[in-house]
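Here come two complexes built around chain A, the first alongside chain B, the second alongside chain C.
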Partner chain A sequence: MKWFRSLFESRKRSSSDSLSIIKSKFGNFISILDSNNKALKIMSDMEEKSQGDYLFDINYIRTSLADIRAAVQKMIDNMIALGGDNYLPLRERYRKIDTQLSLILPGGRNIPEDEFTIPFSRLNYEKAFSVGSKTANLGELTSRLKMPVPDGFAITGWAYKHFIDHNKLQDKISNEINALNIKSYSDLQKVSDRIQDLIMGCEVPGDLQDSIVRSYEELHVSNDGIGCCLRSSALGEDTQFSFAGQYKTILNIKDESLIPSYKEVVAGKFNAQAIYYLLSHSLSESELAMGVGCMKMVNSAKSGVIYTRNPVNSEDNSLLINSILGLGRFLVDGIVTPDIFHVDRDNLTIKHKDISHKPAKLIALPGGGTAEKAVPSQEQEKPSLTDNEVAKLAEIALKIEEHYGHPQDIEWAIDDSGEIYLLQSRPLHVAKKPKPKKEIDLSAYEAVSEGGVPISPGIGAGPAFNITSPDDLDSVPDGSVLVTPHSFPGIVAVMDRLNALVTRVGGIASHMATIAREFRVPTICAPANMCSLHNGKEITVDASSGIIYDGIQPELIEALAPEDDSVQDTDIYEMINKLLPHITPLNLVHPRESEFLAEKCETLHDITRFCHQRSMEEMFYGATEVKDRDSLCVELKTDIPLKVNLLYIDREPPRTDRKGCITVENIESVPLTTFWSGIAHEGWPVPPGPSDARGFAGVLATSMTRGGEGEFAENSFALISKEYMILSLRMGYHFTTIEAMITPIANNNYIRMQFKEGGAAIDRRVRRIRLITEILTKFGFENNSRQDFLDTSLTHQDESTTRKALYSLGRLTVLTKQLDMALSSDAITTWYIKDLSQKLGIAEQKADDDG
Partner chain B sequence: MKQSILAIDDELHMLKLLERIISEKTDYPITTINNSLEVPDFLKENKVDLIITDLKMPGMDGLDILKYIKENDRSEEVVIMTAFGSLDTALDALSQGVFDYITKPFKKEQIIMTVDRAMRWQKVKVESERMSAIFDTEPYSAAIEAFKKEYVNRLKVRYSSESEMISKSGLTGEDLKYED
Partner chain C sequence: MMEGRKAGDLMIPLDKYPHIPYWFTLRQAMAEFENSSIEINGQISLPRIILVFDEKYQLMGMARRRDILRGLEPEFLSGKSYKHPKKLFDVGVDPNLSEMSYDKLLKAIRERAESKVSDIMVPIKETVDYDDHIMKVIYEMVSNDLSMLPVMQEGSVAGVVRSVDIFHEVAQLII
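== the complex of A and B ==
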């Protein structure tokens, strides 16, 4: 194939200017077809991998994504070269889709050049690559949703890069991290300390300092009141990876402490648990710049976290509001157990309240900094929110969820005057409620403790191991149940050693809880009788019910372990299934519909479909600069109701009739004449009836979703020369591309057929591909198909064999047209293979064996 | 003794998937290590039958681990997981004595079948070594004794109750005194 193309493309002289223009377009056109096939093949491969039968790693996803991106970008470039600036909107569509993909799987992108600081009012979600998701979301809430967010500004990833480059830090940091043993917490801590010291000892470049100070002054922080807070907003944080609580927030800072605090937040990127999290998720440190958000402090009377769904039970229709007195840090750090208000999502009524004991609160001091303060005894047991406040918060939260289309984890605060402020909103990971494998009589087992709050569902057992500080982390044994008074930094670094986790205080909304759910460690907090869980005591923790049983109980674990512990709910599968909706669904189908526009491309598949269609049209109709286009482009006149436009790429076309048509006999292209004879042998078929209702319903559904009418009226296109053809044949619901070269030299000969899609459901489409490839294999074709993407080729055969194969391919193309509808089972498919093999007069051994 | 597996990969996602699939579909206990530098220490304390390791890792890579096994004359079989692009290295590994390689991504059944083959091969290897040892024994009387001992121990494994064993074997009480 390459041989022919290079020969064709290298010809310097042409018989006419028009032919020369056509030839230059041909290069772009062929490149689009190549990229299209490449992209479709990877899409099919990813779809196949997403269905639960494969083991793959993050590199597979990264490589597949990189290859699809490259193919689609190339298609767009070729499309613009082929059709001009009309196709520029494709770039914008691609950028938007690419943004969505990168928000799910960060990395693989450079830190974008931007201003050093940007106010919230000029930010939105699309700016996540520049400022990090956390700050971009605050911008989205401010600028698009008009929600109450305190004033603030982002210090961008570009600013971070400037700081790192200015101080030549990257190599030093990379060397430290590359030499690290991530299993040893003390090693992690030492490396972390060294990197953080390095950063704190560096200067913030003058231009960056000026920009930060200027933006700060625009916030008009009063001299006597409370100041600002600086929050980490790492690029890549809160995407597929939560990084919950890994990074630093500094509360209530003012004037002169602003720049040192910025450095402190940047240095916080390298705390021990964050380094562990980064490395354990195969994330590249250098790509994850530390953006920082600077926001006016809210003098919080109360604050908390809203989960718009119950994160440990996806079937619960509740919205959960966690609330404590004072600033929210005591909640997210797991120091105070919050009140929890369970709100009905349908009518916003409170279903029930868990009011906790709240002995202390954190407050902001007027001169800067924070302090712990005792809560007056009469307020300690009172609900921290009024019913009215609960309803208002719930209403706001559901609006935000609706805007993002996904459950949210929202931090909020209410100040002394009763004003509500939103401090953060990010996607919430909701764990599926595990279904026990079988019923079991729990009364037969002795419970050590009951009434614990489920934080991360599941069941795990092992010897209890108590720790009280990060110094004990290195000694945590594999397979233990970690028992700790509260969460503290570093627990993330031992998560993969734990069979279960039990904490005295904390709650469902703490950062540790988010991490536990992400690592799927069964976790409960606040169980009764915790003091009895001494080191070495063997226990079984049923974290779905909040009960701890005495001893290791294998039958209980067997019975209560989730029924289908398949790979589908693992992080890696979750990731591919989040990416695919931006890649594979096809929304643009009918070229004649008004919605068939570059601006309407929602997925990468839409872009490839759009480019594929328009490239053919540009080749045939859009060549406005070809003055005598009609002299090169003709229509094929046959008995078959299929309109085929022919474009001659090596010479002037044969003489046409008055309507610009030629007959098959006059084509003068060996491959097309051969292929067409095969089609004509069979005649144009009536689609076979589906063999069951599902097949018919599938086709009906496809017709309805894709517009149905006009499906068969679209043109087919062929670029031909005496020995070559590339034919895009409209076959009902999809284009089949057949490329062929027939010469007297065997080494130059080839046939290649490719297509994706079809009218029926995926299983039937895959069966049709099995059918076609099994039959073609008998003609010597090699099969490179994936899922419902057909890719088969025959190469290096002599002229006669290649002609025979292409003729049979023509027949088979007709015989299998819309046959996918009828292939309701493997047995029916096998029957068709046998039947069609007989019709085509090829050996029966394989079909007989299958039968 | 129950056969067991060690899986090594620097990517936790992959380790989790492997652990899940092998625990779900086989009875072999599996240990996972994501820092390959820990492997020598682990192997000093433990013996497994099969090591499934990623090819490209920081620290020790898959070939280093294979080399460590061979140089220390250990009996573990090694299966290397490799990305499609590293096929040449995988083939090279085959020539260096790796049991098999498997290209990522792979089907669940593929790894289970590879594990099954490796475990059966390990059993055959052990068996063959024991038989060779018996045949190498001299003088003949000592070889007969060694054979009887092996035979009786196998019967004990095959039949759970002693009476059943005696009735089926035709051995006398004197023969059954062999213990390991």
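== the complex of A and C ==
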């Protein structure tokens, strides 16, 4: 008997293997439905937001996108687990779509593993994802373009991650930021202080310290000269978002101050304005690792910024060189108004010079640190660059622009010996010169001030509001025109409240100007008569021409506002409208079409649609192919002479009676009990007893029967969970498979039935399919039939509608049992359609009821 | 020519003939009568009898129009259960003597119409074989007073042969 037992056991094992496979597939399937639901919800919400009737911020886009990505990736993983390698092409499709999304809204990448430090000579632009684009660009200038860049090295994003992980900082930081109200500058400042203190109190891990120190030593900084500077180079910075001046640069550091300065730059990632910038551009803090560049200081005699094009006027064929004396910080921080040299891009001749008053400069001290120094009076008004230097700088700048194929914003310095150095190069955003919508007689309006320098074009009006320090920022009212002597760091935090901005000093090359252009706040600097702009004075600022008009002038705003200056033209709407075409359009509509393929998925919605459809099919066929299911089942005991074996896929089956049976009342499966109550409602035909046969000699078989006894005798079976069932019913000579999911979430709900065969001749079977199709259509089912085969489904209906439909389907199952036999003509079929519709309560209203 | 004709040649194949499962109601059986027609050689006729099968597609009996009418007859008219076989000495109730309310009658008939066809069907007494000669068919019809006979082929019902078709066949020879 041993062989018999082993045979039996191996059979049992393969059955339970088969069950555990189907259970795990069911898990995948449920997860797909869940992810599908999540993704669809976010998609429709984003579409609604893009219509422009609701307020949202960039954080919303970030989170939504991250959630959709997670949901779609999960769907794909589960789809492959459920249906196998056939679905691998989905990964490729996802990657393509995701790349498109990343180009529009960068971020969301993992920090790549790399060395902790890498010298500029081994860097190029492709390393931007590891070291940040600022440093990667310096590497590109050094290694590919052989441009004069001071020696230096990158401290990578991987090093940052090591520092954060080592000190277990991420959760603490995220908690602080998530709880933040970005509308309050003082809150921002408090949170920022807390995070920065936290970071400063942490230890840089030993291996990272060693690596930084080793790389530093390779720079051979002399003991008596000036040191290095550490600059932030956040991963993701300068790609889509400039982060201009948001992060820290520490000038002139040496030896022992190196490691604390590294921490300081890292902590600078969390300064108030940087957090604001991050959140207001919906960039996730955790995705932006802080790379740091360490570079030998240039003892700058003069320095500045080159714009290879005029950033406020794309039609101007000039290259602009901004220049001040000493270190460049006074320029980018807007403390000194620079000289501006307008150079003709074609022949490198100077078209025009704006020479400014330069009373002070910043210098590096030999022992480390920097100091402000007064400029001798005879030099204050002199051009800071010679014509020769201008030509040299212009030539270099155009070479760099040519290399990148895009206008550049280049920081440069010239040391005491006249040597040129490049300190940074990044893409320059060039604004189109706004064209006035209509001609208007400007002389009719009284100008308060003229001759301001346009640094961010546009027109805006409101009451003037003067501030002089970051302490005043919280009190800046919405819709005001901010008037300030110079730019200071926190201003970015109130940008979205401003209708216009006026500063006394600064310039087109300051970080504030870059930010103002990004936020589209009309901005001018250095206007005449600024002292007349007292608090509450209503003014209209035409920042495209540098004029301030008295009063709020709606006609002027209407006439001069750039044509496309609508709500939807703001960055955030532009962003969502650029993203949506890769997310929401649905190309894969009908599973019957030959184009319904993984390879044809063009959007995330296509992928979710495809997975949803195919997962139902995989589950359906998977469930009908369970091996030896009888040995794993419990039997359903009912009044109906229909043997149904039940297989629980989400739990152990409930207790059975001695014969291994359970009753309908003990089944905890909403779809099965719903369906069964429909069957029970109609009752099952009871064969006539012997007395009814009245001498009847016995039944006579017909030549109609197909398949024979074997088919007829096969048990029905169901796989069930609390919210799901797949029921394979043998109903005489036809079989029907009904799958249903009923949950409180409409998107998850569906019913699917496949119906095939029958005992009667083909034309009667086809008539029955017609009948069922017509009735189910009235319940909202979508039908796909071929001859006597029907595949029909109802999806996305709410819980009660789905239940009602499933209950009716149970009734219909009994009502159409062997109905094919009776369908001898089309007329009788029509009669039955009407009759059954009435029975099921879906008969069409009489025409006069409609009116 | 007549000697060549067999039951199989003269029958209406089952798939052309109206039939229903036994649990169908009298109402459904009536719908079957009212909506079916049989087309033989371009001649359309209405069925006089429908066949009743079980779920295994085995022939159980047949129902004629008068069987259905009998089944619809309310008990207060017949005085007997419709299931009660008619006996020789049963005394009928004269419908004219009953107190008749039209509404009451209609209601009763509608209720009756929901009873199963298996309650009123009559059993199959005789069958003929597919290869049986027409004379054998005529003999069975006359001696058993039947207007229709199921035709068996290899142990299964293949169709039915009706007296009207036999009559037609014989008439071709005589007139």
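The working rule: the second predicted complex is superposed on the first by the 458 of 851 C-alpha atoms of A that agree within 3 Å, B and C clash if a C-alpha of one lies under 4 Å from a C-alpha of the other, contacts with A are read in each partner's own complex, and residues count from 1 in each chain.
In this text, a residue touches a chain if its C-beta (ideal position, glycine included) is under 8 Å from a C-beta of that chain, and two chains touch if they have at least 3 such contacts.
For clarity, every value in this text was computed on a predicted model and none was experimentally measured.
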Quick one: classify A:L647 as touching chain B (first), chain C (second), both or neither. neither
Tell me which partner A:I828 touches in the superposition: chain B (first), chain C (second), both or neither. second
Figure out whether A:A760 sits in contact with chain B (first) or chain C (second), or with both, or with neither. second
Counting only touches as set out at the top, which of chain B and chain C does A:A364 meet: first, second, both, neither? neither
Could you say whether A:I572 touches chain B, chain C, both of them, or neither, answering first, second, both or neither? first
Applying the document's definition of touch, where does A:L422 land relative to chain B and chain C: first, second, both, or neither? neither
What is the contact status of A:Q818 with respect to chain B (first) and chain C (second): first, second, both, or neither? second
Which partner, chain B or chain C, is in contact with more residues of chain A? C
Taking the superposition on A as described, I'd like to know which of chain B and chain C A:V191 touches: first, second, both or neither. neither
In the complex of these two chains, what residues of chain B are touching chain A? 9-14, 16-18, 20-21, 24, 34-35, 37-38, 58, 83, 104-109, 111
For chain C, which residues count as touching chain A in their complex? 14-24, 28, 31-32, 34-37, 53-61, 83, 85, 116, 118-119, 123-124, 127, 150, 152-158
Report the residues of chain A in contact with chain B in the complex, numbered from low to high. 49, 53-60, 63, 178, 181-183, 280-282, 496, 565, 567, 570-572
Sort out for me which residues of chain A touch chain C in the complex. 685-688, 692-697, 699-705, 712, 732-733, 759-761, 763-764, 817-818, 821-822, 824-825, 827-828, 830-832, 835
